[in-house]
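In what comes next, chain A is part of two complexes: it sits with chain B in the first one and with chain C in the second one.
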Partner chain A sequence: MIARLPAVPHEWIDRTKPIPFTFEGRRFEGLAGDCVTSALWGAGERLLGRSFKYHRPRGVLSLANHDVNAMFQWGPRLNVRGDVTPLEEDMILTAVNTVGGLDADRAALLDHMGAFLPVGFYYKAFHKPKSLFPRWERLFRSTTGLGRVDFGTPRRPMSKRYLHTDVLVVGAGCAGLCAAIAAAESGAQVVLVDENAAPGGSLGYQRGGQVTDTALLDDLLSRAASLPNLDLCLGTFAAGYYADFWVPLVSAMGLTKARSRALIVATGAQEQPAVFRNNDLPGVMLASAAQRLVYRYRVQPMDRAVVLAANRDGYLAALDLAANGVEVAAIVDLRAEGEASEAGAAVSEAGIEVLKGYCVYEGLGGGDRLQSAVVCAMEANGVARTSSSRTLRCDGLVMSVGWAPAAALLYQAGAAMRFDEALQQFVPERLPDGVFAAGRVNGVYPVAQKIADGRFAAWEALAHLGRTSQTRARPVLRDGPRPSHAYPIFEHPKGKNFVDFDEDLQLKDFFNAAQEGFDNIELLKRYSTVGMGPSQGKHSNLNAIRILARIRGEPCGAVGSTTARPLYHPVSLGMLAGRGFSPVRRTPLHSRHEALGAVFMMAGNWLRPEYYRQPRKSRAELIQEEALAVRTAVGLIDVGTLGKLEVRGPDAAKFLEQVYAGCFADMQVGATRYALMVEESGVVLDDGVVARLAPEVFYFTTTTGNAPSIYRELSRWHVLWGLDCGLVNLTGALNGINVAGPCARAVFRAVTGMDVSAAAFPFLAARVGIVAGVEVRVMRVGFVGEVGFEVHVAADHAPAVWDALLQAGHTYGIRPFGVEAQRVLRLEKGHLIVGQDTDGLTQPFDAGLGWAVRMQKPFFVGQRSLAILKERPPKHVLAGFMRETREPMPKEGHLVIEGGAIAGRVTSVAWSGTLGRTVGLAYVAPDLAQPSREIRIRADGGVLLTARVARTPFYDPDGSRQTLGDGEVERHQVESGRAATVAVER
Partner chain B sequence: MLTAAAVAHGLRAMESVGLVDLSSLARFGLKGPGAESALKLLGVALPAEPNRWVAVDGGGLVARLGRSEFLLEDGIGGGSVHRVRESLADGAPGVYPMPRQDLALALVGSQVQALWDQTCSFDLREFALTPGLVVMTTMIGVSVTVVQAECGGRAGFRIWCDGTFGSYFFETLLEIARELQGGAAGICDLIPEAQSLVAG
Partner chain C sequence: MKLMPCPINGWRPVSEFQYRGEVREMPDPASCTDAEWADYVFNRTGSPGIKREWWCHIPSNTWFIAERDTAADRVLRTWAYGEAAQ
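For the complex of A and B:
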């Protein structure tokens, strides 16, 4: 049998659906609609968790998503917040942060060692002796942290969503509901979100003893439900505010990125605790927590209560408790004048004793729960007069001493906040355009005023949207009785009067921190860690500000507040990650590569064949074989990932002259030329090949990784210069295939009717023709240092051309080769790769690319910088190096060491099967870049390897193999080994 | 050959969210200061302002992607693109041809909004506010061009993206569509007239 209070309107539980669950090895039963905490509290459990530092017993504090001492492990899910997590059938829960279980937590011993563990103790201790530090570190790492991470937890993909609306209202309490209804009634599309499972906010649980009177809430909900353009999202919290009205909404379904044209923040206020000795004993809770237990879950929070009040809300809470079976021992009112409103009269009528001008001096406990409260009259200065103490028997103490606005969204949106002395809270002073506040977060407390405030916020939002041209005066609000006490904080010689329940920070810790000089709110936060726990200061920041203000003798407004960063509540990494969209590009030949056994690698966002798998052969063997096939016969590589651009028009040549460092105006139609692009700073940006296809048509390539950014940059220049030409991006529309090797000409001849003889189609020429029945552009380029034909063809025809070349090459032993073989081949030729052999500081003269720069041109991007850099002696230059052996091999990024100092770094290195050497490129100090000079490279493990500087190209230094004629192929095939030897000997 | 089961599957998918690959339709692009007049000379109806599109005979469309940039696509059996391409493939003064090798999709069904919400930050309500709107935005990290258009008698959206993203784009959308009880549908499911062309 589950004991609950009699049913009332708007309770959250379903009494027909019992939910069994396990907590700390014991079986319990709750009800559908319960949260974990309400189910446990309803079952009589008072010890729900242990505090972070001292492992003190803790129970309910807020029941509002900042009860971080009642967090549980639920299978792989850690730090499940009991005060907001819906109870589920057969949950198996254990308390986090215990050693040996919740009841017999061995770490509770720490509670008796508090004198040795003052705030910041870890900054001062454990430094000496140094040798013991690792031990201390291990100890602290094992004792801190909450919950147990299970790294084997399977990933649950959670999609992220976008949502668009005219008005987003955050908070479905009285003000938020009124704002949303008013905005929706005007025809605007409205989304109203609330982190709770049901709307209504305090209308639902702050009833002042009128247990069944929910007329206002009924009316608002009924009107909201009748509006089809009002979308109410429950169990959803707004996790932050980002520029341009982006608000992430988090629910069990995942993360929704909401964008509205106006935002109304009606997030309410968080009740704040009083600070007195043992204010953390199970049974001491915020008044609103007790009211939530009563009205949402119909759990009687205690049998006999003391109500600590400093506002009308405390009296309403006392009435709520009395009306729901709780004996109210007394209201302890911090105010000497007591409560003059109708709530005060109702309390008198109910016969509840009111101790005016009294405070709670300490709570007394036994068996891990509250048993009585010691109350004292207060001196005029707010200090307890202990001579007047009374001890009141109670098992519950509810605190209603004030509120802090839940203003994180406003802060993040850029609102200017000021501390209102009359209200004793921060209120918005100036809000950004399109952002509005209503209700308690705006400093408005009485229900009638919250209704008016919500409606006014809606009108402001509609005016912002241009949906109304009426003018309205801001209603006079914030003139009710003070909802918050200025200093509900009481010293006690024995301490344990907690300010921050997350981090177990006591009042004395703040005085000590200030004494040590940390008397600025940001410094105090970092030194003491106040507000840095899981609840992020939701119940501690305001009291910390009050304490610091008193220490400094300044008003709270002068102390200021800390920065409120998103995310507002913790959000799981799975939600943040979402489905994870990582765009991948495939060339039109992808299926061909798959059929050929390609092992793919990412190159930028492209999938490219790294090499082609064969049975019983290693990756290294296959790469060398593919490279050797190109050197001795013919190879085929997909270069479709290159950026492919075209510029057409009368100013096309001028455009290229201005974006590239070389000359292009003088190119003949049918010619190609290497092109180097530098930034305005002179740093190497990209390179490629330019082909002139017609007097006003140039086709050119960029590197794979830079293609999108280069197109954007060229488009920008195109607009800026206003030249009479058009830039077209053909990267996806065309594909490139390079057939290379001494037999490449023969293979290419077999698939085309073009005259491909050395005379008619020489090295560096470009032609437009037909290959395999398809119109193509062909460039005679030689990145790998052999006879090469680079065929560019419409993407949908690329497979046909690839197939034709493979078939034609069959008799020549053609072999597809991947990126790795290409890297070896180009390295043998000493060709650099922009981005690998250059970095964000490399200018052409360092990289040996000065030959590609024509300084005498009237203008090109980066020219002015290069003119300056050219006159400066280089700090390092790109040099080739060789090693006789294959292993150990230096790696890219390894440092060149000279005289014990860093003198350069390796950018490329590979084993050359053709040369029988390890070859590489490295930036070295200019005096080291002398051929045959020995350099030393610090390899893995700190081993120094010796290499010898060598001229590049390492292979075929005179470039004769790129220009082989038909009759020369056989001879060169035979002599290829000798050519390699000659290169090595140089 | 289309089986009854395959047709039923495609039709079922399109009730929720159906992805139909229309990449095989002929399309062509043009840009440059002379593009507008060149197209007009060829009798092609053009949108009056940038970021708008108009339908053309045969189920095709012309989208104006910028002040002087156009995308032309034929419907089933349409011939406009072929005619323009033949005339202007090599360019003309102030006319720069832009061969298109797009992945072209139609998205139809009652759950398109749900799929859209998971994949694109653009507010679909804008299409209702601006008839004939052409939107260039990103979906799942890929640049796309989108119009709201009736496809085979069904309300839906047309999407074009660079064909090299095609596999990634289609497979990712398909995964989400399937979670929404949708899936892929064939061009004949969407446009029954296409069947005669396929058969032919």
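For the complex of A and C:
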């Protein structure tokens, strides 16, 4: 039987559903609706975990998602937060950060070594001698850190959702509920989120002894439920604010990316601890934590309590405890004047002793829990008068000394905050358009004022959305009694008065840090690590600011606050991890390549065959074989990834003249021409082939990787110049297939009725015709340096054309070849690849492309820059080089060295089976670029390899191969075959 | 994620757009000095303030001009090139 307090309205537990679980090897039972901590505390456990640095015993602090000393390991799940994680059946939990178990944690010895571990000791103590550091590092790695990562944890993809709404309200407490209801009642679409399992916020747990009076909460919830356009999402927190109302909502179900048109932040405030010696003993907790235990889980948090109060909330907490079976030993009020409100009167009536102007000097413990509190009267300056101390027996001490706004979303949205001295709290001074704050985060505490504040925020949001035109005056707010004490912090000669429970920072650590010069809030944070633990300063930042303000003798507002970055609470990586959406493009021939055994590689976004696999042959062998097939017979390559654009209209020729460096207006219909594009700075941007298909129709290609950006940039010029022509991107609509080799003409003739004779269809001509029954555009190109027909066909028909060519080529020994063979073939011809043999500084004259630039035109992009560059001597030029041997082979990027200095670099290199040599391209200093001159290349391992500068093309310098007529094929085949044989023998 | 108003497609996430620098007046290549030309090609102020920039909505290939306050990270207005500002 599980002992709990009698049932009350709005409790979270289901008494009919007991839940068994294991903690530190012992069996326990909780109830459905419990969190791990409430189940353990309800079962009488007081030691829930060990602190990070000193391994001190710790219990409940906030029960509000920053009890980072009650974190557990549950199988592969680590750092499970006990105060917010719902209890599940058969959980097997152990405390994190112990050596040999929670009760007998051997590392607890560290608690007695505090004097030797001052703040910053790590930085100071272990950097000398350097040789010992690995040893220290091993020690630290084993003693620090919390949960254990299980690297075998399977990846669990979490869902992502998108949500669009008019108004997003964060926080379903009193102000948030009122705001959401008011906004929804006017017809706006409203989403209200709250991180808790039930709505209501402090209305649910701060009842001031009126145990069953929940009339206001009942009313708000029933009104909210009656509004179909109000969507209440529980167990969901807003993890951050990103530009334009983009808010990630995190729940157990996954991540929802919410976009609203207005945002109301009603996130409330986090109760802040007092700082006194042993304020971390199990049994010392925030008043709101005790009230959450009482009303949410019906767990009696202690038998006999001392209430440390500095506000009305403390008196309400005392009444709540007294009404739920707790003997309240005394209220220790930091204020000399005590509490004047009705809560003060109710406490007197209940016969609870109030010690006005008193503080808690220290907690005394035994057996890892609180046993009594030493209280003292305070001097006028807030210092404890120890001569007047009294010891009060108690097993619980609740602290109600003040609040800090949960303002992270406001900070992230760009709100300007100011410190309000009357409230002792940061409040919004100026909010961005469309972002509003209500309730405690706005510095508004009394319930009646929170209601008015919530409604006003709703009206502001509606006005922002243009849904209301009536005007309203801001209600009078923030005039209640002060909710927070200015300095609830007490020195003690023996220390252990904790400011940050995550990082075990004591009051003296702050004085030491400031003394060492880290007296700016951002520096103090980084040096002392305050606020850098798992709770991210939710219970420590405000006290740190207060301490620093006192040290510097300045108001808190002058000290300022550190940046509250997303994410607000920790979010598991699985929630954030995307599915890696990087689209991959496949050509229409992809399945053909697969069937032929292609090994694919990425080219831009495209998958292209690198080479085609065959049994018992290496990659290098196959690449050479494919290249040789093109040289000796015929090969077939899919060039469908090239950018394919068309420009048509009266100004089409003018457009091309202005975007390319060459000349196109004088082209005959049916001709093609190499085209080079440069930037305004004169740097080489792209190249391709332009074909004139009709007087006002040009079809042209770009390189594979640049296709999208070139199309985009040409579109921009098109818009800017307003020329009378249209630009179409046919990259995906058409596919290109290049059939090349001495037998290419014969193969191509077999699949078309077009006149393909050298006279009718010469080198560099373009024709429109029918191939395999399909209309095609064919260009006689020479990239690989043989007779070549590049067939461009509608993507859907590309497989039919490919099949027809392969079949027709069968008797000629046709072979599909991949990107690698093409790279070898073009390198043999000395053809450069833009982006490989050029970079972001290459201009045409360096790269030997001056022939493709026509300076005499009226205008083209980059012309003016080239006019300047042309007159300057080049710093380096692209030159060919050869080596007799295959190994060792220089690599792309290796440096050319001359006189001990860098004199260039290799951009392309490959073994040419046809030539029996290693050939390559390199940028070299102009004086080195003399044919036959020796250059030295610094290869892997620093070895200097010798190469000889050579003229390009290396292969077929006079270009006779690509203009080969029908009759010459046979002779060439024989010669090439012989050459190939020789090459292979080498 | 920030939103950007495309004059054709309306408000879209900024990931659908590409930025192409400030709108700058090209000096007359025939009459400007080398220094003036180099200044046009290479120099940008980069100082925060209200800028007119080229932007492209990539899926629809729509080029337009955006007036943006780069200090406040706010898009003030956008319009298709050659049309009157909205």
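Following the convention adopted for this analysis, the second predicted complex is superposed on the first by the 851 of 986 C-alpha atoms of A that agree within 3 Å, B and C clash if a C-alpha of one lies under 4 Å from a C-alpha of the other, contacts with A are read in each partner's own complex, and residues count from 1 in each chain.
Note that in this section a contact is a pair of C-beta atoms (placed from the backbone, for glycine too) under 8 Å apart; a residue touches a chain by one contact, two chains touch by 3 or more.
Since the model is a prediction, treat every value here as computed from it, not as a measurement.
Touch criterion met: A:Asp796 reaches chain B, while chain C stays clear of it. Of the two partner chains, neither chain B nor chain C is touched by A:Leu523.
Once the two structures are superposed, chain B and chain C can be ranked by residues of chain A touched, with B on top.
With both structures placed on the common chain, the touch criterion links A:Pro583 to chain B but leaves chain C unconnected. Once the two complexes are laid over each other on the shared chain, residue contacts for A:Arg716 go to chain C alone; chain B is not touched. Look at A:Ser865: by the touch rule set out above, it reaches chain C but stays clear of chain B. In the overlay built on the shared chain, the residue A:Val768 is in contact with neither chain B nor chain C. No residue of chain A contacts both chain B in one complex and chain C in the other. Those residues of chain A lying in contact with chain C across their complex are 242-244, 246, 680-681, 711-712, 715-716, 719-720, 722, 729, 859, 863-865, 868. Chain A makes touch with chain B in their complex at residues 159-164, 189, 257, 259, 579, 581-588, 590, 606, 640, 646, 648-649, 697, 726, 728, 730-734, 794-796. Touching chain A in their complex are the following residues of chain C: 1-3, 18, 20, 29, 32, 34, 37-38, 40-42, 54, 56, 58, 61, 63, 73, 81-82. On chain B, the positions that touch chain A within their shared complex are 31-32, 91, 94, 96-102, 116-121, 123-125, 140-142, 162-169, 172, 176, 179.
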